[in-house]
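Worksheet: one structure, shown below.
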Amino acid sequence: MIFVCAGSFDPVTNGHIDIIERASILCDKLIVVVLKNSVKIPTFTLDDRLDLLRRVLGHLPNVEIDHYAGLLVDYMKLKKARVIVKGLRAVSDYEYEMQMAHINKTQYPEVETLFMTASINYSYLSSSFVKELARNGGNIDFFVPSIIKDLILGKLKDTGGN
Amino acid sequence: MIFVCAGSFDPVTNGHIDIIERASILCDKLIVVVLKNSVKIPTFTLDDRLDLLRRVLGHLPNVEIDHYAGLLVDYMKLKKARVIVKGLRAVSDYEYEMQMAHINKTQYPEVETLFMTASINYSYLSSSFVKELARNGGNIDFFVPSIIKDLILGKLKDTGGN
Amino acid sequence: MIFVCAGSFDPVTNGHIDIIERASILCDKLIVVVLKNSVKIPTFTLDDRLDLLRRVLGHLPNVEIDHYAGLLVDYMKLKKARVIVKGLRAVSDYEYEMQMAHINKTQYPEVETLFMTASINYSYLSSSFVKELARNGGNIDFFVPSIIKDLILGKLKDTGGN
Amino acid sequence: MIFVCAGSFDPVTNGHIDIIERASILCDKLIVVVLKNSVKIPTFTLDDRLDLLRRVLGHLPNVEIDHYAGLLVDYMKLKKARVIVKGLRAVSDYEYEMQMAHINKTQYPEVETLFMTASINYSYLSSSFVKELARNGGNIDFFVPSIIKDLILGKLKDTGGN
Amino acid sequence: MIFVCAGSFDPVTNGHIDIIERASILCDKLIVVVLKNSVKIPTFTLDDRLDLLRRVLGHLPNVEIDHYAGLLVDYMKLKKARVIVKGLRAVSDYEYEMQMAHINKTQYPEVETLFMTASINYSYLSSSFVKELARNGGNIDFFVPSIIKDLILGKLKDTGGN
Amino acid sequence: MIFVCAGSFDPVTNGHIDIIERASILCDKLIVVVLKNSVKIPTFTLDDRLDLLRRVLGHLPNVEIDHYAGLLVDYMKLKKARVIVKGLRAVSDYEYEMQMAHINKTQYPEVETLFMTASINYSYLSSSFVKELARNGGNIDFFVPSIIKDLILGKLKDTGGN
């Protein structure tokens, strides 16, 4: 079975990695796909986001990294994949994601979304919080792997705090 | 009794039509009013939004279409109407709308907001989802009446995906 | 238009009265119906609950009081009524009531549930809180009309705190 | 991969069957296990609940039916299974189930709970609603397969409406 | 300033202790009061619950343990205390507690409820989960201090699993 | 004990004042600090926001007004303060603030966030609603002290409705 884990990963955090590691054990192949969102402008470039993902997911042999500009359901059809895996942190996340899962079913009835609960230590963690902390000199050691911490801080300095 | 159903209708969806049809049976006259929101910039022009509403609501004899730049409560006073009807999709909608209903009471104590639950098939549907799908080549057949589908797709192409 | 406001009213509180008063203005006739719930055992007898309702709703000429043992939808059919009016206090109320509204639609597709938000001063008020306070010597002056306060306190003493 | 779907199934509804059918496609074997709950007393006997499950799940070759008195995590260990699959209807379901998933992790760190969103038509459906309707002469055709409808109605009559 | 932390503590868990320790630093005296709830029948006797509290809170010099049969607001008046401190685990807890805080204000306008968020490791923990685990042979090491674990298991055996 | 109440106060409302008044009674000193948010652009200038705060909080002798560009936790360290006090209006507020409280703990483990429930009359009130009303000629008498009402209306006119 192929699982697909989609997001903007702007940037990847320990919360994403936790879900990807746990989900990768449950499937033959897990594709992590960076989606181009037509509305939100990302802080990190696509190349940077893919680079960060590659650096922190290299230890997972059955994980592939990809990117796509378009609807997730079209990507799923392209890959002949039918399982979307989605990490849920908070209760308020769930309502939006449940709506998204219903929308996806209307486009591709065979697609299924499997939700996993974020590990307790990452249940309050988001890319936005990481960026807010990093821009203001906070400590992001708990939130991103040490091997990409300096890269993230450097890139954020370059973007001048966008 | 006059009911007023207000929104940005950017664009109108089957979800709006469902609420308008069901509410129109419960009152003498239902006014559908497109409100100019001072914060959000709409994707469709006011004229386009009114045009789309007229095309899909023509079969409802006691429904009037109008527009207003200002507070909904001021429109209600102007029309000597006291019932706002509001469709609710998700639970998270309700908290915001409940606050809005209390605010409206402070401005016009006689006004009442009646909430109706979206029909199950439209409970996950929003104008934003429709636009996101349409811009990315998704199928919006389930979400808007067929007689306005091509108009919506055409207008979205003109706006270049805003 | 006939509105029906159903509940166990065990006992009626200012929160119920607020919704009934506001709803009665919006319809020709409002029927307040005490439903026999097959699961919960009420604290007050049916006769007491009807008596309390009659004492506090007498000033509303278009309000009728009734009782029924069975499904609300069957009562609606019996009365040829199609509008259920329901007060919502908290956000968590809404999810349950939304499910109930969908269930009712499967039994009687013409039925509509209109939700009204409790007035801000009664948004935290429930029959259970009133009973808990009354049993422990708390002050229920804010929560029930003065003309039934002593009746409620007396009846609760008789039931020995059930 | 073995998935386990646990519950009281008191009685099984179309909502359960929807999740079981969709989940069974995603795994090699799906075990449906009726758990003895130490707190809630079921309406249907264990034998009746197992019988109803067998009647409606016979068409799914990789689905097994079982029962267990004890903690779900202990059953998972016994079966060397690590994936719990859980259907979610409403938003309020999710918070409880997320807590349960964390508790289960403390007992058996390898266990994962995968949540699936109920199909839109069953998003408001529960065993309790089915029993409440059935006891009061409501129509349960939308909620349970026709081949077990009469069995459910008959058994409920025997229990005298508990 | 005196803080009061009230509950049924049936039994005390690491979640309660976490809140009590953190709150005790913020006040001159913290009173932990076991309230007799007129509705729920506790699993542990009052004496057992007080005994367990004493065993695990002895290291906190400014913490007192007490019990009361009646409304928390009456206890607050008796002690001339005006701050209730309340730990919140989940989002759904908050709505109920917010209602309770408003009710308490009507009885004793000077009373204030301060809410603290449970530490992340106890955010899913409740006395009910502890009892459910303990009765079924689960591991409660993460949830209660080791010095009371055997007492809890022994008492639960005596009550025959109520 | 020093309490810190942080926000953008854009502009201060009766809701903020209610929390500040109630919290100031519970501590030796309460610092109200206007935080520069790196993402949201405020409607009122920092000077205007500080001026409005000074005009409405002058009657509270133990309240200080300050401003800071950076993380709240860094401000807390600077002031050797460890208690953040936060008003909660709606249930949906709580989930975000709970996440923020956990993030703050990772940066400064001694910091505690105490949540207070907004008084019932301000439970639906926000700076955004006040601005929306004011820009459209609505009545903001219920929402801001009369001594700053004209200042707010004047400043909003100057900003041209941003």
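Before moving on, here are some points about what is shown:
Read from first to last, the chains carry the letters A, B, C, D, E and F; within each, the first residue is number 1.
In the analysis below, a contact is a pair of C-beta atoms (placed from the backbone, for glycine too) under 8 Å apart; a residue touches a chain by one contact, two chains touch by 3 or more.
Values in this document were obtained by computation on a predicted structure and should not be read as measured data.
Shared contact partners of subunit A and subunit F are B, E. Counting the residue numbers used at the interface between subunit C and subunit F, over half appear in both copies, so the two copies meet with largely the same residues.
Rounded to a multiple of 5, the Cα-based rotation taking subunit D onto subunit F is 180 degrees.
A repeat of the A-F interface exists among C-F, C-E or B-D. It is C-E, with more than half of its contact pairs matching by residue number. Each chain gets a centre from the mean of its Cα atoms; for subunit B and subunit E, those two points are 47 Å apart. The distance from the centre of subunit A to the centre of subunit D, with each centre set as the mean of the Cα atoms, comes to 31 Å.
Each chain gets a centre from the mean of its Cα atoms; for subunit A and subunit E, those two points are 39 Å apart. The set of subunit B residues that touch two or more partner chains comprises 90-92, 95, 98, 102, 120, 123-124. Taken together, the chains touch in the following pairs: A-B, A-D, A-E, A-F, B-C, B-D, B-F, C-D, C-E, C-F, D-E, E-F. Remark: subunit F residues 1, 22, 25-26, 83, 88, 91, 94-95, 98, 101-102, 105, 112-117, 119-120 touch subunit E in the complex. The part of subunit A that touches subunit F in the complex is made up of residues 89-92, 123-126, 129, 132-133, 135-139, 142-143, 161. By the touch criterion stated above, subunit F contacts subunit A in their complex at residues 38-39, 70-71, 73-74, 92, 95-96, 98-99, 102-103, 106-107. Considering their complex, residues 90-92, 120-121, 123-124 of subunit E touch subunit A.
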